[in-house]
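Comments concern the structure below.
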Amino acid sequence: MWGKDKLREECGVFGIFAPGQDVARLTYYALYALQHRGQESAGIAVADGRQVTLHKGMGLVPEVFREEHLRSLRGLAAIGHVRYSTTGASHPVNAQPLVFYCSQGMMGLAHNGNLSNAQFLRQKLLATGAIFQTTTDSEIIVNLIARFLEGEDFPAAAASAMAYLEGAYSLVILSEKRLYAVRDPYGFRPLCLGRLPEGWAVASESCALDAIGALFVRDIRPGEILEIGPEGVVSHAGPAAPRFAHCVFEYIYFARPDSILDGFTVGQVRRELGRQLAREFRPPADVVVPVPDSGVAAAHGYAEEAGLPLEEGLMKNRYVGRTFIQPSQELRSLGVRLKLNPVREVVAGKRVILVDDSLVRGTTSAKIVRMLREAGAAAVYYCLSSPPVIRPCYFGIDISDEAELIAARSSREEIREKIGADGLYYLSLEGLLRPFGEMARHLCTACFTGDYPFPVTNCRKTLTPHKPHLLGV
Amino acid sequence: MWGKDKLREECGVFGIFAPGQDVARLTYYALYALQHRGQESAGIAVADGRQVTLHKGMGLVPEVFREEHLRSLRGLAAIGHVRYSTTGASHPVNAQPLVFYCSQGMMGLAHNGNLSNAQFLRQKLLATGAIFQTTTDSEIIVNLIARFLEGEDFPAAAASAMAYLEGAYSLVILSEKRLYAVRDPYGFRPLCLGRLPEGWAVASESCALDAIGALFVRDIRPGEILEIGPEGVVSHAGPAAPRFAHCVFEYIYFARPDSILDGFTVGQVRRELGRQLAREFRPPADVVVPVPDSGVAAAHGYAEEAGLPLEEGLMKNRYVGRTFIQPSQELRSLGVRLKLNPVREVVAGKRVILVDDSLVRGTTSAKIVRMLREAGAAAVYYCLSSPPVIRPCYFGIDISDEAELIAARSSREEIREKIGADGLYYLSLEGLLRPFGEMARHLCTACFTGDYPFPVTNCRKTLTPHKPHLLGV
Amino acid sequence: MWGKDKLREECGVFGIFAPGQDVARLTYYALYALQHRGQESAGIAVADGRQVTLHKGMGLVPEVFREEHLRSLRGLAAIGHVRYSTTGASHPVNAQPLVFYCSQGMMGLAHNGNLSNAQFLRQKLLATGAIFQTTTDSEIIVNLIARFLEGEDFPAAAASAMAYLEGAYSLVILSEKRLYAVRDPYGFRPLCLGRLPEGWAVASESCALDAIGALFVRDIRPGEILEIGPEGVVSHAGPAAPRFAHCVFEYIYFARPDSILDGFTVGQVRRELGRQLAREFRPPADVVVPVPDSGVAAAHGYAEEAGLPLEEGLMKNRYVGRTFIQPSQELRSLGVRLKLNPVREVVAGKRVILVDDSLVRGTTSAKIVRMLREAGAAAVYYCLSSPPVIRPCYFGIDISDEAELIAARSSREEIREKIGADGLYYLSLEGLLRPFGEMARHLCTACFTGDYPFPVTNCRKTLTPHKPHLLGV
Amino acid sequence: MWGKDKLREECGVFGIFAPGQDVARLTYYALYALQHRGQESAGIAVADGRQVTLHKGMGLVPEVFREEHLRSLRGLAAIGHVRYSTTGASHPVNAQPLVFYCSQGMMGLAHNGNLSNAQFLRQKLLATGAIFQTTTDSEIIVNLIARFLEGEDFPAAAASAMAYLEGAYSLVILSEKRLYAVRDPYGFRPLCLGRLPEGWAVASESCALDAIGALFVRDIRPGEILEIGPEGVVSHAGPAAPRFAHCVFEYIYFARPDSILDGFTVGQVRRELGRQLAREFRPPADVVVPVPDSGVAAAHGYAEEAGLPLEEGLMKNRYVGRTFIQPSQELRSLGVRLKLNPVREVVAGKRVILVDDSLVRGTTSAKIVRMLREAGAAAVYYCLSSPPVIRPCYFGIDISDEAELIAARSSREEIREKIGADGLYYLSLEGLLRPFGEMARHLCTACFTGDYPFPVTNCRKTLTPHKPHLLGV
């Protein structure tokens, strides 16, 4: 009942260069820590100096990999990927990493993000004799790089290709002997570098570095191409963008609370957003109840700032998240409910501040409010630690159609009425940005404002001159 | 890294009589809500008036059942079971329900609990020509009842068998046309009755009734035999025990916080235990950090009572719980950690009150304390919302050997030193019992006190006169 | 399109006692050689002196067992089973061996055959408190033996139980330390003993002994109970029957051509039946064509005796036998045919002697004749190396209803017309028996004659005096 | 124990254009009839006018496809493939058909054969920016065709690509709306056209047409490109070769006996080769015994010509062919044997003419001879219905190294001694060719003679001018 009402993160990537270590196993544990970024498929590719070996499949990390797979994946470097599909249908062939043969031998690539000019590039490549075996953006990137490899080393070819790529891409790439990491010039998606006692790792989030005992070194810079080999880490410059555009939703919802992105601990940002929310709206209430798990951190901040008790008034089934057989509408109407259960003793007769991180499509909010009322709540105030989502995202979040966004077509009062709350409060854009201080101007907030970092619509619809802003024209 | 340091609940049971409803599907959802009581195997048996049909398998509920299974399980009544093995090896053949043919036709049975005189009964039955195909207590119960069925109706045969059964058993039983529910005379394990618009349900916990939209009616009484058929619910009296002995650990750890057992909302009891703990011990501290998820409710109570902020200083990987490939000791020593990650910003430089529900074997506590220290905690006070566990349980919890219990062989100071905390505090027995008021005397606290409801050790070791206290001798 | 038109063999059993050998692996290879006796499920149980361990599953032997299973099945003795269901639904729970605990510890049993008084015995056992978890005859046998075990050793208990068992049973039984083999007093189903360099084996057919390099020693005698342990093989006498009744269909169709049963090589018997057939019927013809594979041996004999060329005029898809998706009736009518394809060059313009072993239901015979005519055959004479099957079998073959038997309700001319052949010839009963010489009077030919070895019908319908002929009354 | 001693056929292909029919299901049955050409993987792709949908997997046809797969593959045309790997590792990614996006939309391709200039073409394509995701020749063909598609229709692009392809290839190709079939200019591998009541089919062998009720129309001509659409079948001319080169081993061993290739019924050719063998060699003997199944047809011919009885002296386990756990060397030496069992009564005291089709590596021949001697054979004469294989094949058979060919390095006498036979006889080349009459000069017999249809070795080793003979230079 839930997934449909949340924005969905697209992917997580990880890479490691550590000759002598069990690189596949460490990648397995790192992917396990990044599992929240994608539950549809998982894969690991390993390079052993002569070839690249791959295992991938549909499902969660521990479902896809058994001991025998890890044992067979031996090498000096590895990359891994967890996926929740944004582009490309949900089909095994679209799982990543993608492993391929090019003029420099075998390579592997894993990708987090979304190209905004994918259609354009794909048509151009097809017209010149390329074939595609998947519908992923990643295969476009791979083909484009391959075209630039003749007479060039990999970093130069990647930089040449980046001049044509438009959109969000954090890449980990494996050659037969080396590891590369690439972050797009806008820095839409996170990517950071860590150090092992003898080796290096890159990851979408620092929690994956923690999971394998690696020390966080730094974020990878927008437009940077890192080359990692036996001689250490070399930074190459790719194209520059006129500004940075880190996705603010990573802080609001996607990233794990214990990750540190661009200097900010995600969970502490969320708690501060809850405090900020309490400064902006404080209806008369008796208790703060979080929507688990997404609203917990902000609810703590709210309760603290408001001086109200926080209670677990909605109990979540810990086993939700697995694929199970959905109840029919008829069973739902008979009261079958699987994810959340209200705790009568907590809410009966109380005025409840219900805190969640965001409200996108609005379909489950109404159910939660009704559930609390049936459990005896005297009033339900729905408080969100982010502004209304009114515009689609082209950079790796699965909303490409405004029609799905309730706030794009309804007023706050209409939404409040629809979900049946006694009050509905969104955090202001200023409130959202305050915890970030100086860094705020480097954030992409286009889904709240429509202020995209570059004019993306043209690029998707025409096949004419593209990306002049990146090419310095 | 976790399971080994927690007591493990044994099983959950559910039964439904609702002709015209999709009883298997409702059982599926109910088992999903009881999943926390057993993750090793799951099963559903359905009666359609002429026969009993079964599907069961190893794994979580949504892993064992696919749509085709639910479709093929049609009938007027059903029982279901989730299992974490206590008796009987972890083997498919030991999954429940058990379906069998007896002189009255086909029957099915699912069992939560543990017989303390299982060996005695099994030997007696074998000696008189019975065979066993599993190592479960349930097969003993089934054989015993079958011996009493000649010339008796089911409730009478069950009552006769109960006179020989010693220990904990909450049973749901299916005949070809009816549903029965039985709770042992001590009432060790919970069992409650709910009402559907057209039908009845019984469940280990009320959260399973909530999940299917059933209304809670009442707890099933210790020693009671409920017979449910088209004419409604009939209560038969089984043998009586000299006292009640509801397991207090259901409140401390096992049951879901939103369940109501014998009138008490579990989560509210836990929060009150946290408050009680704060009244008993309040070392100088800056922040309260729960061990997720088991210590969350008590930590809230502690923070509230102590007037300290509660922060999520330990982040749990939400996907833990699934079977994954365990890291080797070598990888662990290199810092690979999968379940919990400390949040540096929360604990660095702080004196931390760490709250958990219980400490049984002590193996992971040391890791958590070290993790917090490495993240910069100035002090770590380990606070437990229950007394030291010093004696084994024979009634459905998987500790039958005192050697596994750290508090049975070490002093509090020794344990504190072993886990490396600056302080170690256990809730007192009085503190534990206070929230229960009058009901406290009906609780089994034997694992804390050694004061078993009846002299269990003799019964396990000898084959001589058994259960005279139940037989009225 | 085939299975329905053939009698189906029920099961194959194998046992081995060979401390120090990999008994499970040898059993695996033996079952592989017995695969033709049952393709529905397979299982192996191993005894290691202290316990009996089991692995079984649905499917062919190599589908059920993987290397890991064989590795985990270590011991000094083993039994194995392949099954094609006769009694008991096709359900995993009915796969064998059956492993159980009785008063003498763990045991395992595998069974080939069918009890004719199963219902009677089952009712008797249920009435005295037994429960059943399967619908197999084997569970009845096990319960009956268990009732006799008190104060008796196993061979004595088995002998006592045999006095009550009526019908066909070749059993291999495993205790924690020994192997037993039992053949019913009539000797319906085959069972033979072989010798290994260090150990002993028993098998349904000698081809299984060949497969593992064991030397054939002798057939196990009807009514014999073999006990095999470290001291060697001890023969115990069970009850005697007034006659022997070896199933003649083992020679006609069931057994492998390279097996030697009671002194006769099966394939040579079949060839001789073909010769006999040519002596009885020799219509004017150009070529002898076997129905593969069941008619090949007899066709060779026919061609030899008749001095006609044998040609492969019907080609069989070698991969038939595996479960595949059956074509709809519509596709069949469009000409989709999967098992057999006629070879035009062989049959066009020829008068064809078509040879098969038996004609039971007649459903595919018509298709084959039509197929040959469409390929241009000038005439098709259908010749069968056995008499018409007119009565059901109660001893391990899956025909219990005369309505399924075409020859029970139609004349030879009616059948010939139905299948569209130019001639239809059955071997005479005398012709069938001739190759066996003196041994002929020990054969059961009841399905051709209705002359059952004992009055079986009464026993199946009443619950009154049973098996007086066996009990010596 | 067998596979290693036989040449292995590479693949089978099938295509169908039949709007309104269940094209996937008909392809399934056709692949089932072609299963002998490849047991490693199977796949079906379907075109519905807008897209191409694929399902493929490792295993036999009925293992890869379930009803749900067939249901989901709806369309107007389909292609199918069964594979036994020659090029490309045995890995799921190498299973066929290959489905891809090119400038003309989605396409699918399945391939039987082997390119002799694959390395050259692959390097050329890589150097100009292509990437490869498999190691199959098929991906080379697809990339090459894609390069020619700009501004060309498919038949023209295919013809252009064929000018660069060297070696064996029978292709079935699917666009979103049409079916194409291509046979290489030498006609190495078979490919034929059939007619359905409303549609067309192409297949590697005519037995697949028989299986679905299609009428054989004609063989597809070497160098021909067939285009099949709603308007019917259009033949386009591709490049011509200086001669034809049909693989003679299709007749000796690969093809099914009931298939008709280039006008010859395969089984009748084999029988005639047996007769020819009897004319060339007739040692004094008592019985002719075929090696099942490969020697059966020739043995019939031999027995007929020699006037000797044919008996089944070697019994084959019908279930061989499935993947099972191989016995260790130790078990083999103890006598474990799985595929073949000698029939003592047939061979004891007899001089045996043992007939097989070919002897390639010689590893199992010695085992068979020893087996027959141990069963009492007085003499064993090993007769082969083909000449010694002395040179590798580059056109779709998995022998690329002469070191594997026993006849390439040993004299006939040495081989006879090695396998322990009393005599070893190979059919002469003249004897092999005689049944083919005029057609003999169109056969490729390079593996017996070294007389390759074109100088293949240069092409594999150099990257310089290629295929002048095809380009008309």
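Just so it is clear, A, B, C and D label the chains in written order, and each chain counts residues from 1 on its own.
Convention: a contact is a pair of C-beta atoms (placed from the backbone, for glycine too) under 8 Å apart; a residue touches a chain by one contact, two chains touch by 3 or more.
Please read all numbers here as calculations on a predicted model, not as lab measurements.
Asker: Could you tell me which chains make contact with chain A and chain B both?
Answerer: Correct list: empty, since no chain touches both.
Asker: Just to be sure I understand: going only through chains that touch, what's the smallest number of steps from chain A to chain C?
Answerer: Between chain A and chain C, the shortest chain-hopping route counts 2.
Asker: When contacts are scored as defined above, which chain pair ends up with more C-beta pairs, C-D or B-C?
Answerer: C-D
Asker: Go ahead and note the Å separation of the Cα centroids belonging to chain B and chain D.
Answerer: It comes to 62 Å between the two C-alpha centres.
Asker: Indicate the whole-number Å distance between the mean C-alpha point of chain B and the mean C-alpha point of chain C.
Answerer: Distance between chain centres, rounded to whole Å: 49 Å.
Asker: For chain C versus chain D, what separation do you get between their C-alpha means, in angstrom?
Answerer: Taking the average C-alpha coordinate of chain C and of chain D, the gap between them is 37 Å.
Asker: For chain B, jot down the residues that touch at least 2 other chains.
Answerer: Correct list: empty.
Asker: Which label fits the chain touch graph of this model best, line, ring, star, complete or other?
Answerer: Looks like a ring, each chain touching just two neighbours.
Asker: Give the list of chain B residues in touch with chain A in this complex.
Answerer: Touch list, chain B to chain A: 22, 25-26, 28-29, 32-33, 35-36, 60-63, 65-67, 70, 197, 207, 210-214, 256-258, 265, 267-268, 271, 293, 296-297, 300, 304, 309-312, 315, 317-319, 321-325, 327, 331, 334-338, 341-346.
Asker: Under the definition above, what is the set of chain A residues touching chain D in their complex?
Answerer: On the chain A side, the touching residues are 98-103, 126-133, 135, 142-143, 146-147, 149-150.
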